[in-house]
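We call the chains A, B, C and D, going by the order they appear; numbering starts again at 1 in every chain.
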Amino acid sequence: MSGLFGVINTKNESEGVAQTAYYGIFSLQHRGQESAGIAINNSGTFMVHKNSGMVADIFDEVTLNTLKGSCAVAHTRGGSDRETGTDAIQPTLIKSRVGNIAMSSDSVILNDHELRENLKNLGAIFQSNTDSEIILSLFSRNRIATDDCEHALLETMKEIRGVYAIILMTENKLIGIRDPWGMRPLSLGKKGDTYMLSSENCAFDALDAEYIRDLEPGEIVSIDKNGVTSLYYDDSVSSEERIRNGKVCIFEYVYVARPDSFIDCTSIYDSRYRTGMALAKEHPCECDIVIGAPDSGNAAALGFADGLGVPYGSGLLKNRYVGRTFIKSTQEQRELAVKLKFAVLKTAIAGKRVAIVDDSLVRGTTTKHIIRFLKENGAKEVHVRLASPEVKYPCCYGVNASKGVDLPARTKTVEEIRDMIGADSLGYISLESLRESLKGIHCGCCSACFDGNYIAGTEEAESKTE
Amino acid sequence: MSGLFGVINTKNESEGVAQTAYYGIFSLQHRGQESAGIAINNSGTFMVHKNSGMVADIFDEVTLNTLKGSCAVAHTRGGSDRETGTDAIQPTLIKSRVGNIAMSSDSVILNDHELRENLKNLGAIFQSNTDSEIILSLFSRNRIATDDCEHALLETMKEIRGVYAIILMTENKLIGIRDPWGMRPLSLGKKGDTYMLSSENCAFDALDAEYIRDLEPGEIVSIDKNGVTSLYYDDSVSSEERIRNGKVCIFEYVYVARPDSFIDCTSIYDSRYRTGMALAKEHPCECDIVIGAPDSGNAAALGFADGLGVPYGSGLLKNRYVGRTFIKSTQEQRELAVKLKFAVLKTAIAGKRVAIVDDSLVRGTTTKHIIRFLKENGAKEVHVRLASPEVKYPCCYGVNASKGVDLPARTKTVEEIRDMIGADSLGYISLESLRESLKGIHCGCCSACFDGNYIAGTEEAESKTE
Amino acid sequence: MSGLFGVINTKNESEGVAQTAYYGIFSLQHRGQESAGIAINNSGTFMVHKNSGMVADIFDEVTLNTLKGSCAVAHTRGGSDRETGTDAIQPTLIKSRVGNIAMSSDSVILNDHELRENLKNLGAIFQSNTDSEIILSLFSRNRIATDDCEHALLETMKEIRGVYAIILMTENKLIGIRDPWGMRPLSLGKKGDTYMLSSENCAFDALDAEYIRDLEPGEIVSIDKNGVTSLYYDDSVSSEERIRNGKVCIFEYVYVARPDSFIDCTSIYDSRYRTGMALAKEHPCECDIVIGAPDSGNAAALGFADGLGVPYGSGLLKNRYVGRTFIKSTQEQRELAVKLKFAVLKTAIAGKRVAIVDDSLVRGTTTKHIIRFLKENGAKEVHVRLASPEVKYPCCYGVNASKGVDLPARTKTVEEIRDMIGADSLGYISLESLRESLKGIHCGCCSACFDGNYIAGTEEAESKTE
Amino acid sequence: MSGLFGVINTKNESEGVAQTAYYGIFSLQHRGQESAGIAINNSGTFMVHKNSGMVADIFDEVTLNTLKGSCAVAHTRGGSDRETGTDAIQPTLIKSRVGNIAMSSDSVILNDHELRENLKNLGAIFQSNTDSEIILSLFSRNRIATDDCEHALLETMKEIRGVYAIILMTENKLIGIRDPWGMRPLSLGKKGDTYMLSSENCAFDALDAEYIRDLEPGEIVSIDKNGVTSLYYDDSVSSEERIRNGKVCIFEYVYVARPDSFIDCTSIYDSRYRTGMALAKEHPCECDIVIGAPDSGNAAALGFADGLGVPYGSGLLKNRYVGRTFIKSTQEQRELAVKLKFAVLKTAIAGKRVAIVDDSLVRGTTTKHIIRFLKENGAKEVHVRLASPEVKYPCCYGVNASKGVDLPARTKTVEEIRDMIGADSLGYISLESLRESLKGIHCGCCSACFDGNYIAGTEEAESKTE
């Protein structure tokens, strides 16, 4: 997963542009925090500063002051099995026949192998294992016979099968693209003469900017000194229909997005709270206290507590300092790692029947440890409620960590899983209720991980087609 | 502030000792995270690994594996105006006539200037600006005419005026010291043949160790292969009396300690929750939602909500990624910094009368910004409740950031402060109620920052004496 | 300038291959020491380790042990105005339709602009400002319709105008290329089942390998498990003729190459010594001692001393520790820098008439300072003799630092230069004598910097053609 | 070994002081290049910047500009078995009753163990394993009852048995000390209002400063705003006698000092040249060419060639890039290492009878390899001449690497060593001739490594005395 951010000053002023890009990706780090970068356009001259690490460690004031220009694209990304090494750190910069181009993308291209082979057969060379090189190579070829960047990008979208959000900077434009299903979010904001594109609108709040709207599925938004224009992957239908047919990833609501963001017009926090309320109806429970699995289960836990009329409380705290470098080579150390990550407030839960609400259950390992700790610290009963249905199908769109995992929900009954994790009761919200909780959302959702309905196809399907 | 940790295996086994020290300081990082170190005793040979940075960045598995030994002292510390530079990173290692000594301390020595001058006049040289060098130089001299380390340390305590917790490792012992008032916490734990000393017992939970007890004020605990023995600064009174006369820092309960810790037999979380309950009685308020100032106000906010019978909710989120390297040179950037640090959940607070509970108010700058953000995002009213009294006196014991600050509570009325921060109402808990909320605590508290009663004296007083 | 090295074990054994590559570029660092790298082929899987800095700082034993494979290309390079940034550090790795390719090159492509534009117009994208990307893009396209790599490289050579040496590694071959004029050196060596390619044969000595021969101008040497085969840019002529028509850069003999190397069958040391002998005939001088400008003037100084029958001595020492990070912002500091770089042996030169022999004079600034130091330290007279003719024309082939410099020899007479540098007499060897001193050399030389005869054309000429 | 440098502006001006210190230690790096530092006194406030690595890597212009002050001491040091770790990097800074003190020293204290124990018994604590801490602790105690620093230092000298040069900076003085035998060199220089102290006067040349004189054995030179004053370890004798009784380390002439330095009024270069001349008389040889073992044998080789009337030539080159990080874990790699370090000029030596002159032979391993390479490259005969006598006794004063080595000259005859290294003949200069070659030197020499006469005593002797 990645956080994308772009900014353009339509009056060609450079004051604060790099800083805006910095604050933008700073606010999007929950989407990925292993590397980050900012590329900036200073009247056609492009500069980039990028590195592995967290945003605040990569940039300092001196660096930002050297990044001068009126348009920038920025990126913050998490780890990836597909795209590795320092070459994969974005934004990607190239020179093509139409000049300098910088690109930030968050993509899973399902036909990447086929596209790469086709391009190689035309003489292209690849210097990394990233989707970016494929997209930019396709675009560069499409641009030869196409009058403008936007139509060349449209051609490129037609060649790519996959899900993506892209922000691209040419020498005079900032362009945003959302895949035909709108599976990845991308939103448009504005502050004075400055337009912004961001994976989530929470970045606009931090920047005191106005959240205009989400891009439509399949939309190419192009911003230059003349303002904003759009082009659509499928222009045979109305915007309304396009939006209604969209299929944003349901896990954005369940887990990925920041609670204060809105995606496709629905508040993330509210949808999670409503999910908790719905859970209380579907899977009520006799308990003395409701707690959230920190931090992702808190909003649903509040809804669940209010739904039941049972007090919400703190019972479990998350150690803020747990990072990626943790030591856990033996089984005992792995258990210690969970103990270091979560602190139990004994006095708050001892002797009580505890209901704990989590956003989802993929493997169940951590949940199992948490239940044991709660019981060791005196909880009389531990009831687990999940604010998403059973994860039965691996996500091939790069979102939750279900790929390549032996998913318990695929082979076990709810009762068997309850037994495995040692809970006194276990309840998953139904997909129907989860969808209802997203009320206000203008479009549908991709819920492949719950129902196996792979809207954008799968890699396997691609292989067969070849 | 610092976090101290010590560990000794009384069977002289070294398996897992460095790892235990690592997990110990890992759990104490809320007390300071700018540098850390572990010193270890391998049958008389001492090694140390220390650096600036956070615990998980300083140590990796390879490093821990090279730290072999059956006894270790470790340290994690925050910034300090008094002790600066890499020389100040602890533990401190020296060689004296009784061999190798390593020491971790968390101290404010009030007569440091006088002690240092006296020692210099005896020919001592100082290589840093740390209290550690003073303590170790005094100890080293006292040890000449004293039969054992413990009595030499007792002599040293009598020369020092100040507050401190100390963990000291000699070639065959691990020794813990708590100052005569017990102002700094220090607790004793055990797991199998391994004894541990820790600033807070939360580290014992993480290590599955048993929390035995807190050290008494003025106690020197000495642990070696024969077990645990104690010596007291004042042995003319009983343990019971000693404990009753103790004066632990009240800010440990208000802000410093981790919620899952117990200090002097009182749960930090519970005392904060009860403070919130008491606040509800002292300063009730008509409101629709109670929120905590994240994260330190959450426990009191829960108590306040329950006390009032008003729903507790989420309204403000803290960005986990805000670190020390943040960019804030202009006024506008400082405001942005607060916006980046806190995200408002609009839908949760819009149109509502919001009560926000914070642990304390020192300068009020951040609180002012938060109130404005809440109102900009639609809060109809914002009522502020503080889980501690007015901070009127600077702490000269190194705890809260009140030293050298123009404290508003010193010169302004509550009404004036309410006006300054833009709240609709403002209520501070009374010192009496705060003390009552710490029920179960076996001792008294130092509350100098609230009442000006400097139990251990002040630097000014010292200067006069000279 | 760069040093190139390649190694292939024809029995597919990997023992010592990375180490051989390491020692190879270690021995070539006089050709460039600002960055270095090794790429290795492990049965089709390519790895690379490269960085800025010196060879011994970039690689350690652990790193070399991770570089496993039976074929490697390596590179060490100096700074460049044309190719900058970390992207320009070689070897360059790409994936093409014929698999992985790694390349080390030392090139100046004169029609680089034109080639890059042509490729862009065909849809290629460029990610750096290096010649490598151009060469690999051309090759990759040429390979589509060409049966083998060698002929695709031949096609590529025909498109490029410029000078170069290239070592290229495919998944089963190691290929070396010398430009049609043979302006850059490249030699072939062998040790057991291992073939090597190296910019200079001095690397073979260090590796106890046999020096087989230099590549012919325009030769493509291809080595795989079946042995060595060759292809030629111009196969209409015999090897003998090809060699005779070659035009290796004369500055290799004057300054660049290591004294113990042989280029095109002539010993560098001997040619320099003979140049000194010839100087003694052309520009004899009354003097008491002959010294070399360390270290590049020493061999010619010995020849000059022997030619004159005057004792050779030490008079000037070079500080080994002067590196690139030196501080020289003011005029005074720049003078200090020269003083720090050279130490005068007062007692050896005081009261004497000193003849100092240097390899060449480009700007004359350092020479001027050296003369002054010698006189300040008591030299009665200072006579300067140069082992190369007047540098009147900038080198556009990337060798000496004459490009963009206001060359004194272009506008001043020898007498005016003598006056400028403060020498008592000044003598340049004639180009004729210099050429004669290279006896044994099988080919001609490019001496464009002395006579303006730009054998491979110039960038200006290219621009006109476009 | 270390290089020491000190500088004081007697008008209290700070312009260029740090830069002077930088250039000073830059010129002294042949005495040690593993760590370096500069401490500076800005009106009583002391700053220090020090690190491991080479001078040019440790300091940059920004760092030097932050080092403001009118007096500085600096240090560059090689590795040491006795003083290890980052704590041992000098200058050492302390605070004592007479304020800040910074010290650079190059010492071997023979009674260090005894002194350290005595100090510990008085209550001192030690934070490193350096001589500096001992010297400063002794000084600090001696200063209590002594009126001035100089006499306290004199007291300290009387307690220490060993050899040393020391530069010490107090808040208003710069003080230099040479041990009672003058075994370590230290010289005084001046430029305008600035006095300098340096291990060797070569630093004064680089700084355009005047070389005033060497310190006398046992002299304490003290420089402040009033100028230069001296105090002597033994003031019962005249300066003349003191100098005549001095015993500077003979290896300074043989190997350590820079050829352009003068120590105790004798040119290093000249004494080496004369040694070569004397060798030609003592051990003449039939040969066609005389070469030096680079770089330390070159001066003697020139003298030898002139003495014999045989041409001096280049035959062996040293690779400038060989550093400390070299890889040599197997025997084969160690041989490669020597090959990489030395390049043979085949054409210069093939078919010839070669005489090679080296400064000394300690183990003989490298010499053996060199002889083999010369023969492999065609040398008909190889005759080895050594510009110092047989090294039969380990140096316990920290100079040559003879300590702990199985010295061949201790047990083997010259003929056996000749056979071991594979030379056709071998000749060592006699100690008598070596001493005569140092003509002009005002004092005697310590030649313990050649004759076992340990003038300053040995550690063993110390142990017995205890």
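What we mean here is this: a residue touches a chain if its C-beta (ideal position, glycine included) is under 8 Å from a C-beta of that chain, and two chains touch if they have at least 3 such contacts.
Keep in mind it's a predicted model, so treat the numbers as computed, not measured.
Chains that touch both chain C and chain D are absent from this assembly. Distance from chain B peaks, on a Cα-centroid basis, for C. One finds 51 Å separating the Cα centroids of chain A and chain C.
Between the Cα centres of chain A and chain B there is a gap of 37 Å. Chain geometry summary: the mean Cα position of chain B and that of chain C are 63 Å apart. Of all residues in chain B, none touches 2 or more other chains.
Across the whole structure, chains are in contact as follows: A-B, A-C, B-D, C-D. Put simply, chain D touches chain C in their complex at residues 19, 22-23, 26-27, 29-30, 33, 54-57, 59-61, 64, 202, 205-208, 258-260, 267, 269-270, 273, 298-299, 302, 306, 311-314, 317, 319-323, 325-327, 329, 333, 336, 339-340, 343-348.
By the touch rule above, chain A contacts chain C in their complex via residues 92-97, 101, 117, 120-127, 133, 136-137, 140-141, 143-144.
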